[in-house]
Amino acid sequence: MSGNHSAYNKMGTIICALIGAVWALPFVWMITASLRPDSGGADIASLIPQWPLSVGYFQDALIYADWGTLYRNTIIFSVGILSAQLFSITTAGYVFAFVPFRGRELVFRLFLVQLMLWPIVLMVPNMVTLKSLGLLDTLLGAMLPYMASAFGIFMVRQAFRSVPKEMIEAAQVEGANLLHIFILVLLPAIWPTLLAFSIVSLTTHWNEYLWPLMVLSDMDTHTLTIGLVSFTTSAESGAEWGLIAAGTLLVCLPITLTFVLFQKHFISSFGFTQYK
Amino acid sequence: MSSVRLNNVAKHFGAAKIIQNLSLAINDGEFIAVVGPSGSGKSTVLRLISGLEPVTEGTIQIGPRDVTTLHPKKRNVAMVFQNYALYPHMSVERNILFGMKIRKESREAQRKALSRVVEILHLEGLLKRKPRQLSGGQRQRVAMARAIVRRPELFLMDEPLSNLDAKLRNEVRLSIMELHRKLKTTTVYVTHDQVEAMTMADRIVVLRDGIIQQVGTPQELYQTPANLFVARFIGSPAMNIIDIACENGSLRLPNGLKVPTPAFVKPALNQARTVRMGIRPEHIILASEGQADDQGSGLVSLAGTLSTVEMLGSDIVLHTTGGSNGLRVRVANHGVPYASGDTTRLLLDLSKAHFFSAEGKERLC
Amino acid sequence: ATRIDFMFPSPVQGKLAKEMTTIVTEYNKSQSEVEVRGIFTGDYDTTKVKAEAAAKAGNPPALVIMMANLIPDLAINGFIAPIQTLARHANVDADTFLAEEFWPALRQNASFSGEAYGIPFHNSTPVMYYNKTMFNKMGIEPPTTWAEVVEAAKKIANPDQGRWGIMLPSVNTDYCGWILSSLVMANGGQYYNSKYPGEVYYTAPTTVGAMTFWRDLVFKHKVMPQGVLTPNTISSTFFAGQLGMAFLSTGALGHMRENSKDFELGVAFMPQKVTRGVLIGGASLVTFKGISEEQQKAAWKFMSYLTSPEVSGRWSRFTGYFAPRMKAYDLPEMKQYLTQHPDAKTALDQLKYAQPWYSTYETIAVRKAMENNMARLLNDPNLKPAEAARAAQNEADEILAPYVEKTALQLP
Amino acid sequence: MLKRLHILLLAPSAALLFLFTYKPFFQAVIESMYDSRATSSGQFVGLANFVRLFDDPAFMAAVINNIIYVVFTVIPSLIIGLFFALLLKENSRANRWLRSIFFFPTLVPLVAAAALWSFIFLPGVGLLDHYLSVFIRSSHHNFLGQENTALTVLIIISIWKYSGYYMLFFLAGLQSIPDDALEAAHIEGASPWQGFYHVTLPLLRPTLTFVGTIALVYSFTQIDHIPAMTNGGPGHSTTVLLYYIQTITMESQDLGKAYAATLCTVVGLFFLTWLNNALLDSGVDYER
Amino acid sequence: MSSVRLNNVAKHFGAAKIIQNLSLAINDGEFIAVVGPSGSGKSTVLRLISGLEPVTEGTIQIGPRDVTTLHPKKRNVAMVFQNYALYPHMSVERNILFGMKIRKESREAQRKALSRVVEILHLEGLLKRKPRQLSGGQRQRVAMARAIVRRPELFLMDEPLSNLDAKLRNEVRLSIMELHRKLKTTTVYVTHDQVEAMTMADRIVVLRDGIIQQVGTPQELYQTPANLFVARFIGSPAMNIIDIACENGSLRLPNGLKVPTPAFVKPALNQARTVRMGIRPEHIILASEGQADDQGSGLVSLAGTLSTVEMLGSDIVLHTTGGSNGLRVRVANHGVPYASGDTTRLLLDLSKAHFFSAEGKERLC
């Protein structure tokens, strides 16, 4: 929609800005709290930063874990999964969207079962499988079960289906083979969807905890969240809010930074250019 | 370039029989125009030839190859889609060069080809835009450019100029003709524009409800339409049709006027009881004072009143009532002021008339 | 060198994981026969899950720091092996080792069916923390009995200003059960059958009494907020100066000390009723079945190192837990530490009154049966403690039934 | 030949799914008919586990809680996500920033989010009570500790976390809708609401089906904040199905019962997604 | 029905200034045709009036209301989009009735209105189909139907008939005119079809690069084009343009021929050094043998050779070379066989010629 709804749009923006302020509260607090000199005291809840800012909690957090290794492993883990997924979901999504074969719907539904089964329930059998593959305790092993994603296949199929047929036809007539159509026409056409999936997959696996904890025993294969938990658990004492905030920030930071840096590119591919 | 043969082709969409038993042989290098009313199956024919739509029955050959079940990409045709079908995410330039790119043609060749079509279609300055930033006519030109940038065996064009203004259309039309003269690429061209069909085509195919009505050169179609449908469809304003009763040796017009059957039509009409006569608006003359009938040589005059006067610029179309009820007459715009309500006398040149059987299915002469 | 897997959780704070890694690295460097792979496993619960899962997947760990009251459960389910399987390689008798070297109160939790299945590693008891400054200001003495607790709390509490007299952690992560059973003991009762893992005494008058005491703090005396309280809530309120007393673990000592900025922290014994009673908590080292002889040998070596007075003392000083190995307190460093931190001594002194941790068949579920009903009791002013106790007992009995049938009721 | 290629394309996914989903799933089906407790030495018990399951009041509480949780997370977060998407679909700078803000919660692990929110809802000293005290009057709400509010808090967190996430999919979906249809509707006198209801919404149905399914699945599976914040309590008031299953799996050896509960949940979820698809996907025009 | 006023309207897309300072007053009940080359901003003007595009500058009034910032739905206009913009998920029937449904008009009214437009646009049998099951022309007719089913204050139609065949287009055109006669709804009609513009419009607006070139009745535009652009744009085949030097009292044609300046053009030309003369192809006659120049009254004859002969059916367009280099001549098709290479003599009627300033910006006479 374009046109004289700019007034409407402005109003929408203002409404969203108000809601956005509420939405952002936890973050604002997280940042102020992480920069506070101590997390006790009555005004810990205040959103106003306490001067002078202190990086004490970050220092603590940095000492508690081997962040270099943790970051490296997390990047391998999440980016590796994403790369494999991008391949598997686009190809499978293509088949489910465009290739008719007997029982397609059934096979598709069967694929979807994966969405509904959660790792914790299947953990032991999966570890047994990994063990028999000799992949227990390796990053690759930890990544393997995620490399096929019903979620992604579903999403890509749905997106492919709404690509106008004529575009594919035009390409066919121009002599494009399957690969051409796939790479040059279909993938760009569902680019926002792929991007959405990528962000989601990346963050999900970046933030994954239980499964890596279960299958990764070597310290030098540990991922960030395992490190985070190592200093934010507090079963018998009380929470060090500042430390939790700092740690959480450190875990989310790279992905958040990437996101903010490329915000314009990421997020604008989900929007309509002004001139349409 | 290749010849194309459609052998008893049929296409059904579910229960709807869109194309029925269609056979057509297109010669190597020929330029064929396909015309017909909206929904008559023109686009479908192109889609069948290109392979985008599988045929329900029959076979299709391009050159020596039977391509009936061949994938579109292997048919080596270029097509202009009626609704353009541009790639929304690619710039105009990439849209145009897509086909060459996937054929891995050299950059140099691409550059050259691009600059050639850009010139023909006046796409200067639009190359970096996305399709949604273009006007309707610009989009259509991009679609056209995308087709003619390549050198396929066969061009399929579905109303490629419908959204262009007369001047540009004329230019592009001439460029296409030029191109065709140079390359001699077999072309199937769907159009609603009679001028295009008449001037560009070696032969015209008239389609109606998925059935071919006539195939012939523009002259043939204009001069000897095979049936009433073709007669009325070709030419604008459409041919006047008059129901006529044949009564031993003379023809009776609906207003009662009787004229002796001219000798040259006698043999064809002598069996018929009633016939339908067609006469083109440009073959009716406004009789000047004193100009007389010559019923023997087929000049018949009718009195009438002008009901509507349509100024078309260079021409004027007059609609008449009265004895000449419903006839349309086309005269050149020489500045003579016609007004509705004027009475006039029309001279019909029966030697230029066409006679069809009562149901209109058949040409008598 | 023989490789063994050693799983450890981080029950208190991240520093611990780091320190434990250091200990493991130092050990690996100090000798060449054993190579220990230290595996950080999150909190106590995930440690249990991970160890079990690894065992089922065919990768049993050699040593695990496991919540002490899970030992019977793990033994019954056949995951862990008696310590003797390790000790025999060094011609040591595990039971004697346990009996002679460790605080008496800890022994029972380490054994099952009279056999040592674990070696205590670090332990804690609940203590009472209080805001000394506040007490001084109001002229209150730290309470030593339940009655005094109520009295002091009433003086302090002012719900309208968000100030509370006392808070007891009631989350169902073991904390609630731990504190409640301490109260039951103070009330002179038995929370469970310490000789037989198939019985709990949730409906015993002493238990109901402890529950009533707790409930009354909320609904009758209104000195404690309604609903479930987490240690986070309690410590945060405490640090904010809005809380008079809290019953928390000695394991939290360091944390409490560090964050009590605006006032002075007081640490005292858990108040008594009929007796002084506190419960031992903490973790023991266990060994899983299915490791090779070599690994058993290596595991014993590493275990000996970990439980040596030096390491035990070091760990205690670092964490605030007390050291289970009695000899640790004979070391000069330890003596010095205790003089420096007299409040750390409270935990140790309390050990005299400490009793074993409850542990039954399906410990967690049985414990939760009570904890969840406590939560209801603290939420619902109309629920009678006896009803909650009854419900808890029924749930627990249901869980215990198959075991009871197979054992106590299986008669010749 | 082409067929074979397509089978080849599906093969990697299928193999992985087989290995890590179906195989363990079938094991689970079988296991659900064995008693795995130490007291029984693993004998076949048929449907006894299911019987025990349905006798368990905790399970029943979990079912009810789950229904409440699903209804009150899925519907609001879909509506809010769609609302954001519609309001922010134009690509202005302000909108981009707002989109980022709404999307941020997705970047935070649920466990970490739980920690943040635990603080917000901390009685007395937490963010909410603090500002309530500052602006209104002294406040002390034990939101997470009370049976009648704990689930609400969890629901709020879930909505906060996932609305922005669904917004992203809606934005992607909105992009594939031809604008001109909506323009035509406005010309014809449709108010923004009518345009949305008659044009955007129907054309958004494939996305809606997708997001709906995902939201359903998420409302069942994304519950990391429950162990972190309430442990299913107070009482059973925040125990949902997966948490129930998790506790059995983690805390006891009663796997047979856990698998039985899993199967019941999967069947229920399957039914719900089927319902969702049937409601939203029927008669959708994918081809355009 | 309402008048429409555009006051100094401008529209920029980013840096591109598509419409500049456009002012136009459309009377209540008037039928305005907008013509112009592809990309000249015709669709943009409609979108500005409808409110789909916000204006960059200026104001727009519909009737007495200033609608510049009003939401489209409040402007009560009906629009036929160039690309149809049908609702892909609705059947043809629901597409057509959507607007009435939203206005909650009675079922009866809907039924009646539907059957009326179905008849006008020959949509029988298509009502249950989805847009993608329609041919291009059928889609366009649905788009048209959707607009005319309502009774808005203003019709905006963007090339609504471009994809229809001549016969149908003619019919629909007459129906629209009929409708307009009956309802007198103000209409802005973009078209590339000169016949449509000439026959339907009360006034025609000629647009070029977003700037109005001329506004006038069809006759005015044809007879007195305001500048060279309009002259060449209106009329098909386009007007012939000849560069002419004015030398004291006489005109020199490019081929060197000198003719005395006819009296009636003298006053206008006497300042100019060079002028550009335009003469329409229909105003050039093929001189029959012996027919003479009459330079005084402005009849000039030129010799030439036919280069191309374009048969248009009823007409023939002759392209010439030689002395009359590049001139196009239109003659009626009376069956006379012309062949390229024939030599001929062309008679130019200077009294019908148009004279423009050298840069073509201005009409001299």
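In order of appearance the chains are A, B, C, D and E, and numbering begins at 1 in each one.
Heads up, the rule we're going with is that contacts are C-beta pairs under 8 Å (C-beta built on N, C-alpha and C of every residue); 3 or more make two chains touch, one makes a residue touch a chain.
These are the chains along with the protein names UniProt gives them: A, D = ABC transporter permease subunit; B, E = sn-glycerol-3-phosphate ABC transporter ATP-binding protein UgpC.
The shown structure was predicted, so the numbers you read here are calculated from the model rather than taken from an experiment.
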{"item": "Given subunit A and subunit E, the chains that contact each of them", "value": "B, D"}
{"item": "Chain located farthest away, centre of subunit B as origin (C-alpha)", "value": "C"}
{"item": "Inter-centroid spacing, subunit D versus subunit B (mean Cα positions, whole Å)", "value": "60"}
{"item": "Inter-centroid spacing, subunit D versus subunit A (mean Cα positions, whole Å)", "value": "15"}
{"item": "Geometric centre distance via CA averages, subunit E-subunit C, whole Å", "value": "92"}
{"item": "Per-residue multi-chain contacts in subunit E, two or more chains", "value": "13, 51-52, 71-72, 83, 132"}
{"item": "Where subunit C touches two or more other chains at once, by residue number", "value": "46, 49, 173, 232, 236, 240, 242"}
{"item": "Touching two or more other chains - residue numbers and ranges from subunit D", "value": "118, 122, 125-126, 129, 183, 186, 192, 249-250, 287-288"}
{"item": "Contacting residues of subunit A [partner subunit B, same complex]", "value": "164, 166-167, 169-177, 180, 184-185, 188-189, 191, 275-276"}
{"item": "Residue ranges of subunit A in contact with subunit C within the complex", "value": "38-42, 44, 61, 63-65, 123-124, 127-128, 130-131, 136-137, 210, 213-214, 217-219, 222, 226, 229-241, 243, 247"}
{"item": "Residues on subunit A engaged by subunit D in the complex (per definition of touch)", "value": "1-3, 5, 8-9, 12-13, 15-17, 19-20, 23-27, 29-30, 33, 42-47, 87-89, 91-92, 94-95, 99, 101, 107, 110-118, 120-123, 125-126, 129, 144-145, 147-148, 150-151, 153-155, 158-159, 161-165, 178, 192-193, 195-196, 199-200, 203, 206-207, 209, 225, 228-229, 232, 239, 241, 244-245, 247-248, 251-252, 255-256, 259-260, 263-264, 267-268, 270-274, 276"}
{"item": "Partner subunit B, residues of subunit E touching it in the complex", "value": "13, 35-39, 41-44, 82-83, 133-138, 140-141, 158-159, 162-170, 192-195, 198-199, 218-219, 222, 232-238, 280-282, 310-315, 330, 332-333, 335, 352"}
{"item": "Of subunit D, residues touching subunit E in the complex", "value": "178, 180-181, 183-192, 194, 198-199, 202-203, 284-285, 287-288"}
